[in-house]
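In structure tokens below, several structures.
Both complexes shown next keep subunit A, but they swap its partner, so subunit B is in the first and subunit C is in the second.
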Partner chain A sequence: MALINPKKKEVQVKIVYYGPGRGGKTTNLEYINKKFKERIKGEMTTVKTYGDRTLFFDFLPVDIGKIKGYDIKVQFYTVPGQVKYNATRKLVLRGVDGIVFVADSLVVRRKMNILSLQNLNENLSSFNRRIFDVPIVLQYNKRDMEKEGIPLLSVETLENDLNKQLKAPSFVASALTGQNVVTTMKKAISLTVASLQKKLELGG
Partner chain B sequence: MATNKDDITSDLDNRLDELFGEDDGEDSFVPEKKEKPQPIKQSKASSDAKEAAKPKQKAVQKQQPMQSPLENLKSSMLEMDWELTDEVIGKFLSEIDKLKTKYSSDKMIFSLLQLHESMAKYIRSKKINAHPDSMKLVHSVFEGLDKIIAAPNMTEDEKKKIAVGELKLFKAFKQKIGPAVKGAAPRIEGIDIEAIRKVIKAELSLFKEELLKEMKSMRIGR
Partner chain C sequence: MEYTIELNKKQFESIENILKEELIDLGVQTVLLIDLAGNILVNLDDGKSDIDIYSLAALAAGNFGAVSAMAKVIGESDFSLLFHKGEKESIHFSKINEDLLLLTIFGKDVSLGFLRLKTAEAMRKILEII
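Coming up: the complex of A and B.
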């Protein structure tokens, strides 16, 4: 849950980038960090143990500034995608306020996307939360691979596989080129803060 | 309340635009509608881009009329990246078998497939405890294979260069993990480490029991 400090008028929001391994979650955060380093007043921390794989998590704090008198701080996390790191994923999901599900558009990754979304659902259930109640944005990443002649899943297929029931906002994207990376993030922040404001009476 | 909510959302959206607005170039591709979340529809820009890409795609299709012979191998390799089960690794190994038959006359391709096979067997024996660089090497060997197979006119020297490069990486990896890559259980000149472990464990539990008894008797003695 978001941390709110009524005295200091501070709200801290946690948004987690979730999805299958090698799907581009870290690349999303890296893009945001590189592009807006000067403005976001935070520093990206990547906890890695071996090689170039995320074995623990990436963390990027972003200071949004004052909205209606409240200082809004957003913390972005990524989780390791590989199945074997479910304990870490669960840990990072604890107290999540919003989710960006980064799906891999490659045809060969179709099953992994579905499994990962199921895994997200299961992990949220373990915290007694429903996937339908958490603000979520879907991102269909790696669309740039189409230019390389690599077979991609059609947007319709991805929507059908992942978003048929969720009916969440979704974006085609390329974390590598930056296409829709910021739009995805903005939508996630906007949805998450909007979902919190009623509970926290942010407006009142 | 609704007005308040709208105020906050619009304030927030304005702030987000202030902070991140400059990135609109790439983001103009977005087909998002503001009212309520909608499933993705291709914007005009994107469909134009798609149209523009069509001739290119056709050209690619012309150059590669057949599916790559490595397609199934790649698919099971990516599955391994996601989940290390016997079933998934088995699929990868059986694909290697098929390719070994197909490329039995090509020494370089065959040796790269053998490297893949060794790596897969090692990963199968270690599963999630396999060295984190294992899959990295599997990907690297795959890239080497892909390069060779995608270029049928590649000279033997060029092929050799790729194969030798991968072999060097494999050797370095073997050194990193010690003898485990052979897939054998740790044995020293016929001594079964597992059997020794059992003996030590039994001895330790006996020792623990005796120690507890001794401590109890000391307390009673007081």
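Coming up: the complex of A and C.
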């Protein structure tokens, strides 16, 4: 969970991009990395397997400025989406403050989205946390593919499958073109930081 | 159960002092105190270091988590200590408690035996504070 350092007046916040394999999590971070190059001190760190699949995680630290006198450092992570990597996925989820769930809009990925959300729920439970208590934003990715005539799930279907109970903010997006990538990220940051506000007022 | 580490200003100061006295003064290049989520609680260096500590912390936490999971697979409760030796620099990790790791980076001029001794001493003192 967020680390508050009253001595340095600094808060470290962990936001994790979660979702099925090949859904576009890494592509989201790559876009953010390019877009905010000047605010990113370190390099984007990625632990990849053959090809471009994430093996362990991607990591991107971004300074977003001050809130209530504290420097806010957001650490973005992606998990490996492939089912077989659950052990590492769990490790990345440790101490999460906010989640972006990247769903794949392709019709053929419907089941994978649902399973991945269930998996998120189970993994959070293993840390005694509830999905309803963690700030979360949904992203329906790959909307650009509609133009190519590839069948996509309708937003209604996605909402019904994934967001009926969560009632989280959701965005259609294209990580490839950048559509709503920043909007999704900003929403995740603002929800996450809002959940910490009380702590910042008390501490320090 | 996961918990947030909450330390006040004074605790942060005391921990920094311990790490400085025990490790930086010994000639260690960088000392990081991190949690297993990858957050950095304390970072100190000898003033000559220029490494990306945030990425290092993220990787170190992941690495340690992976090694702990490996320990469980083979029926060990944990490996409390890890060491990676490089040509010029080496990295030494030790687990302080369920949530905290101490990571040191040091060159050839520091002996591993002495470092271990000092790390153990620093850990003992830190545990008295938190």
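Observations on the structure shown:
Keep this in mind: the second predicted complex is superposed on the first by the 196 of 204 C-alpha atoms of A that agree within 3 Å, B and C clash if a C-alpha of one lies under 4 Å from a C-alpha of the other, contacts with A are read in each partner's own complex, and residues count from 1 in each chain.
By definition in this document, a residue touches a chain if its C-beta (ideal position, glycine included) is under 8 Å from a C-beta of that chain, and two chains touch if they have at least 3 such contacts.
Because the structure is a prediction, the values reported are computed rather than measured.
Superposition note: with subunit A as the common reference, subunit B and subunit C can be accommodated side by side. Centred on subunit A, the angle reaching out to subunit B and subunit C in the chain A superposition, using CA centres, is 100 degrees in steps of 10.
More residues of subunit A are touched by B (comparison of subunit B with subunit C).
In the superposition on chain A, contact of A:75 is made with subunit C only, not with subunit B.
By the touch criterion defined above, A:194 lies against subunit B but remains apart from subunit C after alignment on the C-alpha atoms of chain A. In the superposition on chain A, A:171 makes contact with subunit B only, not with subunit C.
Look at A:43: by the touch rule set out above, it reaches subunit C but stays clear of subunit B. Of the two partner chains, subunit C is the only one touched by A:59; subunit B is not. Once the two complexes are overlaid on the shared chain, A:163 sits against subunit B while remaining clear of subunit C. With chain A used as the common frame, subunit B approaches subunit C to a shortest CA-CA distance of 17 Å.
In the superposition on chain A, the residues of subunit A contacted by subunit B and by subunit C overlap at 203. Within the complex formed with subunit C, the residues of subunit A that make contact are 1-8, 12, 14, 41-43, 45, 47, 56-57, 59, 61, 73, 75, 77, 87-88, 91-92, 94-96, 127-129, 203. Residue ranges of subunit C in contact with subunit A, taken from their complex: 1-9, 12-13, 35-41, 52, 54-55, 58-59, 61-62, 65-66, 69.
Every residue of subunit B that touches subunit A in the complex is listed here, in rising order: 1, 4-5, 7-9, 11-13, 15-17, 19-20, 23, 26-27, 29-32, 37-40, 42, 46, 53, 56-57, 60, 64, 74-75, 78-79, 81-84, 128, 131-133, 136. Taken in their complex, subunit A has these residues touching subunit B: 20-22, 32, 35-36, 39-40, 49-53, 55, 64-65, 67-68, 72, 81-84, 106, 108-109, 111-112, 115, 140, 146-147, 149, 155, 159, 163, 167-172, 177-183, 185-187, 189-190, 193-194, 197-198, 202-204.
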